[in-house]
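Going in written order, the chains are labelled A, B, C and D, and every chain counts its residues from 1.
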């Protein structure tokens, strides 16, 4: 029997560190005029994109654990697996940003997003299988359109980065915007389950 | 329905990391005598200034969330928006310090302070709109003279950095000192609201 | 009389930072094609291995403190001693990975794993001596086969890295897999002790 | 009215990060044999010393806040002041270690220890003045021999680093050992105050 609070605190700590150390990739420009900031534009844009993605993961992770009651060893390792892929985001963000969204780094960025999505889905599955198909979380997730669509879109983005990197870039931005729309599902079901009691 | 405690813990984590990784910008001097510390004076001073600013933000954020009762998705993202701009402080601190407060870095430092102030104000507005104009927080903020004056002063400081960087520097120090004076407003109103109950 | 919660929170923080800063050792490749990732394979593999080891330590530490009721000054310093050796993992991971598992770095990696195992065992001993041989923790640990076998295997791995580094590598992977099998002992005994009450 | 828990959590976070990022100063050696570790000996020794000092500060801070009941704005800023000087420890540790305990870096290390000791004493004074001379904390601190002796010893160590660095080094080690002896004072008084109630 594990303590959900410590799992939350550890995940929060790791995500907070990941989201913050990305900024260490932004080295001071060599010049001292405003023009010397210009070559950093792609570094900055890739930082913004990754910041938003990590914010979405933190937000969704928060909701999912809110609806979790029991934590097993399997859930704990599924969670570490998700944190592993998220921890690679600063690396691919730096590589993509420093090279002005060159095709290969942009494709590899998509691979890490894809693996993070799969490991998130896997964590969700582990929690649901522990709580049952009738649980609050299972009802809240429902059809999980977004969760199923995102990895498919990443799989399209990865090869298309070699056609033109902005196709991949546009897909990454689209998926982020899709998730930014607040996910009312879990909140609503939680609310309903309280009323019905 | 979200958990205020986890929002606080995550924000604390991110601010603690930001305030600490700034020191990574302070590379060991090349020399081994005391004189080799001298060129680091501007790095050190910019570190002190940013440390104080982050301390002020943590302090005020702490008070604001203390008076917060409900957290929505909008508040969560307004909070991430604030953390985003705060996360850029180590970058601009390093650029400004390494270049001995050259005009452009000093101006860009002001831009980040301005954006952080705007996003803080935005977060405050999101919390008040959730709690109502009669809430403890709304009463505590009151006219919010400091919150309104700070971005105006930053807007003056930014162009004046190109006239002479010490004008901008003096404004940044002045705003910090203005906030360092303890903000009794929220404490007092919280106290009053308890007594009146 | 100390507060177990703050000990947990501090340890979680340190382990979360250690597990995350390792990724800072993964510098962006110089090239911009997929082939430029190839020389990073050993860096990546050593990162995965250390991530798993730190996950195991976090997991076991979590269980051990769950069964802990009292924290003394001795326990606190035994815990800091463990964190010290864990904090060296990013250093040896980087050295081993950058040098494609060269013999000396691979052996030194084993030395750090060995010292971490010894300091973990020492912490466990300090907690048991505080709680008594009849305590939940002492019963749960039982014979502690894994805890005794691991340092012996590291002692075999260290010199064998100079024969061939893959012997040591295989031993490190074997020990990690041995621990990944979920440790039901503490969970079961905790459960039994509740039933019997 | 502030929340002691959030002050503890923030301080824990900052100290955990400081103690961990020091290891980032330990760059991978250039060679791949054991001999290439030898020049890192002074880096390693200075890391151990600073790790122990930060462990002592965390430990004492923990005890002090345990006996604290009310947190004011003044206490909060006194705490940030302490964290500021602690945050400089990785910088001076790196400078001292990389230069094999050269006189100036070793003296500056002492300056940071001295400032940390003064700011700790200042924080302690702020907490006592808030709680009264009859409070648990004031009684527990008592004469505070160690707290008064440490800054005096640092003041002796700083100039003596220019005579011979090992005099300063020996004093730093001596002060650390003096504090490592468990500080039973607060524990005992807390215990007594409970019994007498």
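The criterion applied here is as follows: a residue touches a chain if its C-beta (ideal position, glycine included) is under 8 Å from a C-beta of that chain, and two chains touch if they have at least 3 such contacts.
Only a predicted model underlies this, so the values are computations on that prediction, with no experimental measurement involved.
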Could you tell me the least number of steps, going only between chains that touch, from chain A to chain D? 2
Looking at where chain C touches chain D, is over half of the residue numbers used by both copies, so same, or under half, so different? different
By mean C-alpha coordinates, which chain is most distant from chain B? C
How many degrees of rotation carry the C-alpha atoms of chain B onto those of chain D, rounded to the nearest 5? 90
Please work out the Cα centroid separation of chain A and chain C, and write it as a whole number of Å. 27
Based only on mean CA positions, could you tell me how far chain B sits from chain C in angstrom? 38
Could you pull out the residues of chain C that touch at least 2 other chains? 9, 13, 17, 21, 24
Quick one: which chain pairs are touching? A-B, A-C, B-D, C-D
Which residues of chain D touch chain C in the complex? 8-9, 12-13, 15-17, 19-21, 23-24, 26, 28-29, 32-34, 36-37, 48, 51, 55, 58-59, 62-63, 66, 180, 182-183, 187, 190-191
Name, in rising order, each residue of chain C that touches chain D in their complex. 1-3, 6, 9-10, 13-14, 17-18, 21, 24-25, 73-74, 76-77, 80, 83-84, 87-88, 90-91, 94-95, 98-99, 102-105, 107-108
